[in-house]
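First the structure, which I've put down as structure tokens, then a few questions once you've had a look.
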Amino acid sequence: MQRMVNNPDYAVEDMLKGFVKVHSDILVGTENPRVLKYKDAPVKGKVGIVTGGGSGHKPAFAGYIGRNMVDAVAVGEIFSSPTAKAFFDAFKEADSGAGIACLYGNYAGDNMNVKMAMKMAEMEDITVKTVVANDDVASAPKDQPEKRRGVAGEIFMWKVGGAKAALGGTLDEVIAVAQKAIDNTKSVGVGLAPCTIPSVGSPNFQIEPGTMEVGIGHHGEPGVKVMPLGTADEIAEIMTDIILPDQPFMSGDEVVVLVSGLGATPVMEQYIVYNRVEEILAEKGIKVHRSYVGNYFTSLEMMGVTLSILKLDEELKELVDMEVDTMGLKQFKY
Amino acid sequence: MESFKNQDGKRIVENLIKVIQENRDYLSKIDGEIGDGDHGINMNKGFSICQERIEGKDMNLTEAFKTLAMVLMTEIGGSMGPLYGTMFIEMAKQSKGKEEIDKEVFRQMLASAIKEIQEIGNAKVGDKTLMDTLIPALEAYEAAMDEGFATALEKMSAAAERGKDSTIDLVAKIGRASRLGERSRGVLDAGATSCWLMLKSMADSMVQMV
Amino acid sequence: MQRMVNNPDYAVEDMLKGFVKVHSDILVGTENPRVLKYKDAPVKGKVGIVTGGGSGHKPAFAGYIGRNMVDAVAVGEIFSSPTAKAFFDAFKEADSGAGIACLYGNYAGDNMNVKMAMKMAEMEDITVKTVVANDDVASAPKDQPEKRRGVAGEIFMWKVGGAKAALGGTLDEVIAVAQKAIDNTKSVGVGLAPCTIPSVGSPNFQIEPGTMEVGIGHHGEPGVKVMPLGTADEIAEIMTDIILPDQPFMSGDEVVVLVSGLGATPVMEQYIVYNRVEEILAEKGIKVHRSYVGNYFTSLEMMGVTLSILKLDEELKELVDMEVDTMGLKQFKY
Amino acid sequence: MESFKNQDGKRIVENLIKVIQENRDYLSKIDGEIGDGDHGINMNKGFSICQERIEGKDMNLTEAFKTLAMVLMTEIGGSMGPLYGTMFIEMAKQSKGKEEIDKEVFRQMLASAIKEIQEIGNAKVGDKTLMDTLIPALEAYEAAMDEGFATALEKMSAAAERGKDSTIDLVAKIGRASRLGERSRGVLDAGATSCWLMLKSMADSMVQMV
């Protein structure tokens, strides 16, 4: 395992120390070492945006803390849900009295810990409402949305929810629009090589060289099929074939597209995949309003990409276009 | 009547810690087959923190379970934080104020733990989770209570093992592995395995004490 | 080779197509398919900032095109200098009559192609001056600066030169401050795993598992020594031991620190290394004014990091802090 | 006197292209030992583009060399763009207007190419570059000119091979590999190898024609 850590069991602690040092212009640590918050949080009168999840997905989750996006984040072990206490403390750090929108991904551990944290919050009269991201089309059939995982599409949910909150939206308005964002987002992943949790020391799943796993999850959860490794164009076609019918996305739609590397796939190749994705969308009359390519939501040093497509309406477009200043996503508005 | 003193019970938790530490890599390996390979790491980290917290302190079983539960719930997260945190907080609650732990007290501890775990996790027998260890263990324990505390504990332990083994043939219906469908069949469930290790360890410790 | 390409010989072409689509808000293609430029270039009255180099280093080089940074970039094959023609065309695209600062890295191919491009420019009365980055301390002794390679420190040279040009600096002023930036920057790389050029199909160098190569170059050029793989803290110590005496950086200095991943090393680990770097600097009384951690200058899917440290003065500080909007580096100024 | 027609010379370039295409992987492998492994790819890409440009066209040697040079200089980059671009542009220049290519014309082509390459690249014999192939090749050619064009070409080819082989024992003083110091000893230089392949191919083609 060619990796740079100290005691692998404390990789997350060590990472957080460096992270807070580098990004002190945006975020700060809190009393709970597993909770980071926007330096100006709680923002007076603003709905607090909270998320959280396992580590190993940088920039997710803490990298999306910042102006017009996320206010506080609960940080878990690598690939493991944060504690209920961490979610609860994140609620407290982000709460200015306007309530908390907890926007997180659909994983068993996160569901349980958020549920327990909400019980704790109730006792302190903090109003918390949730949106549970389930954009990963390959993780369950369309009629079982409660089984679908949240993947890179969560970024759209945070972007849109954070923008709405910054514009003064009420908790219900923020929740409604974040829910709309994730309902309108479909994602799929393709894995080319596995990743290794440093404290485990060897990959906990395998992808045979010469093959790829279509529908892979952010922790290496197996996909829907293992296929011979395709060209970038073929991979783009396979992914769009899975995503487009699921919404369905149709001629005349305007969308935001996110191709995120899973960690070790060169950014160069992500652009090659994106190029074909946009061609396919153009062929179908779907217009790309905005796109993102890069390592936006990773899985340590896994190889592969996720593709996420968000269908816009006027409200979502305005919120997606809003200026944002986080470590993982910076966007100027001229 | 067979029983042991709550005051002497700390060693039960100490043994639990040891068993988890010894099985760190084994549990991660099992979790790696159909999960994400961190079960042993998560468990070991929590139990080792608990070890530091109870080391050298004068504590009874209730307090030791409570310490373990708080560490799991506030410092571990994952699925195990809430699930096992709930388990041990219930064991602490049901033993609280009891000077002697007898077979009826332990029955309440186990039953209450299982009820609350089910409440939060919504899993049932056959879903390929730690419930497949817990539920038959409780049934076996209750069925054998007339034969005495020690026997009931031994039968609980044996039933837990069978329950754990039963997960091999199951398709996961809950948690990460549930997304695998048929591909999750043929391997042990990690949580069911750690749960068996813990029930067995508790039974062994208690049998020695009663 | 678990990679996502089409015809590997045309990976750069395919990448550029996607790149221009995604970043149309910042940059545009030009008549020469191997030259990209800032959408507003040439900016009237402004010195044009041009760079260029081989591909495979994303975000470098084209990712630093944008407001207050680079105006035009010549794009080479993977790990291979752009053509003289591409450099020349980039000069033309960036020239508004105020002259061109060509800020590039010290590699044989780039040197030759820039030299030939400057001859072409002369014939068209475009004034071109150059700064040749040579920040890589491990690539030659201090008394042979002409042999030292340019690595991630080039980003500081572009940032500072671009800011000076945006503030209305003359060509000589831009060149002087870019030269100062690179003279004040020292870098070193540590490699943990090799990379593969897609059209070659297998790594062109090896790093034995369990070892690391200290002083490795951006194309896998061998370093100064091969050592057993250290912890993140040890790696930070080895790198600072090489860099700090070379300037030398001293107590009271203010610096900018850049830890760049080489491609496949999880960002998490880059923060772990950074954490120890900042501790070491603090122990020595060196103050970090600003820091960057992430995949800023990569080598396909190589594992490892580079560390670059820039010693500031008041002029450099102002320029480093200036707002910038490129794909690879976005910075708000409040 | 031995000579061949400029008009018939396109096949010399066609053969050059073939030889580079056939040695694409070999050249990259050599470059990979102490360079960055792209030499064969760069060369193959340039020569293959040239192939498309000259295919089916009626061209003499001068025009074919010029096409090759322009492709290398404007579409290939790297070190080879300027170095080999310069080489072939000089070969085009020196053959321009000559209906017959005889041993003196070729001498001028080769000498002028080498002079200009040295001008841009600043390498000398012993630096472990393509100069180690070129300089002895020219020397051998000039020394053998009295023995006739064909013999001179054959001796040039043989000297180029020895020059290429001499790079094995050299420490690189220029280019990427120069940073390796002693570690660059023991392997061929990629540019010296491609240069030998090209001189050999040119000599073979010309010998058949004179």
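Assorted remarks:
Order as written gives the chain letters A, B, C and D; numbering starts at 1 within each chain.
Here is the rule we go by: a residue touches a chain if its C-beta (ideal position, glycine included) is under 8 Å from a C-beta of that chain, and two chains touch if they have at least 3 such contacts.
Values in this document were obtained by computation on a predicted structure and should not be read as measured data.
Averaging Cα coordinates per chain places chain A and chain B 33 Å apart.
Inter-chain centre distance (chain A to chain C, centres taken as mean C-alpha positions): 29 Å.
In terms of their C-alpha centroids, the spacing between chain A and chain D amounts to 54 Å. Between chain B and chain D the centroid-to-centroid distance comes to 75 Å (mean Cα coordinates, whole Å).
Among the residues of chain B, none is found touching two or more other chains.
Counting only residues that touch two or more partner chains, chain C has none. Taken chain by chain, the contacts run in an open path, each chain touching the next and the two ends left apart. Chain pairs that touch one another are A-B, A-C, C-D. Note for the complex: chain C touches chain D at residues 9, 54, 76-86, 107-109, 112-113, 115-116, 139-140, 147, 149, 197, 199-200, 204-205, 217, 219-222.
Across the complex, chain C is touched by residues 28, 31-32, 35-38, 41-42, 44-45, 73-83, 120-121, 174-176, 178-180, 183 of chain D. Residues of chain C that touch chain A in their complex: 1-6, 11-12, 14-19, 21-22, 55-56, 58-59, 192-193, 207, 209, 212, 229, 231-233, 235, 263-275, 278, 288, 291-293, 295, 298, 300-301, 303-305, 325, 330-332.
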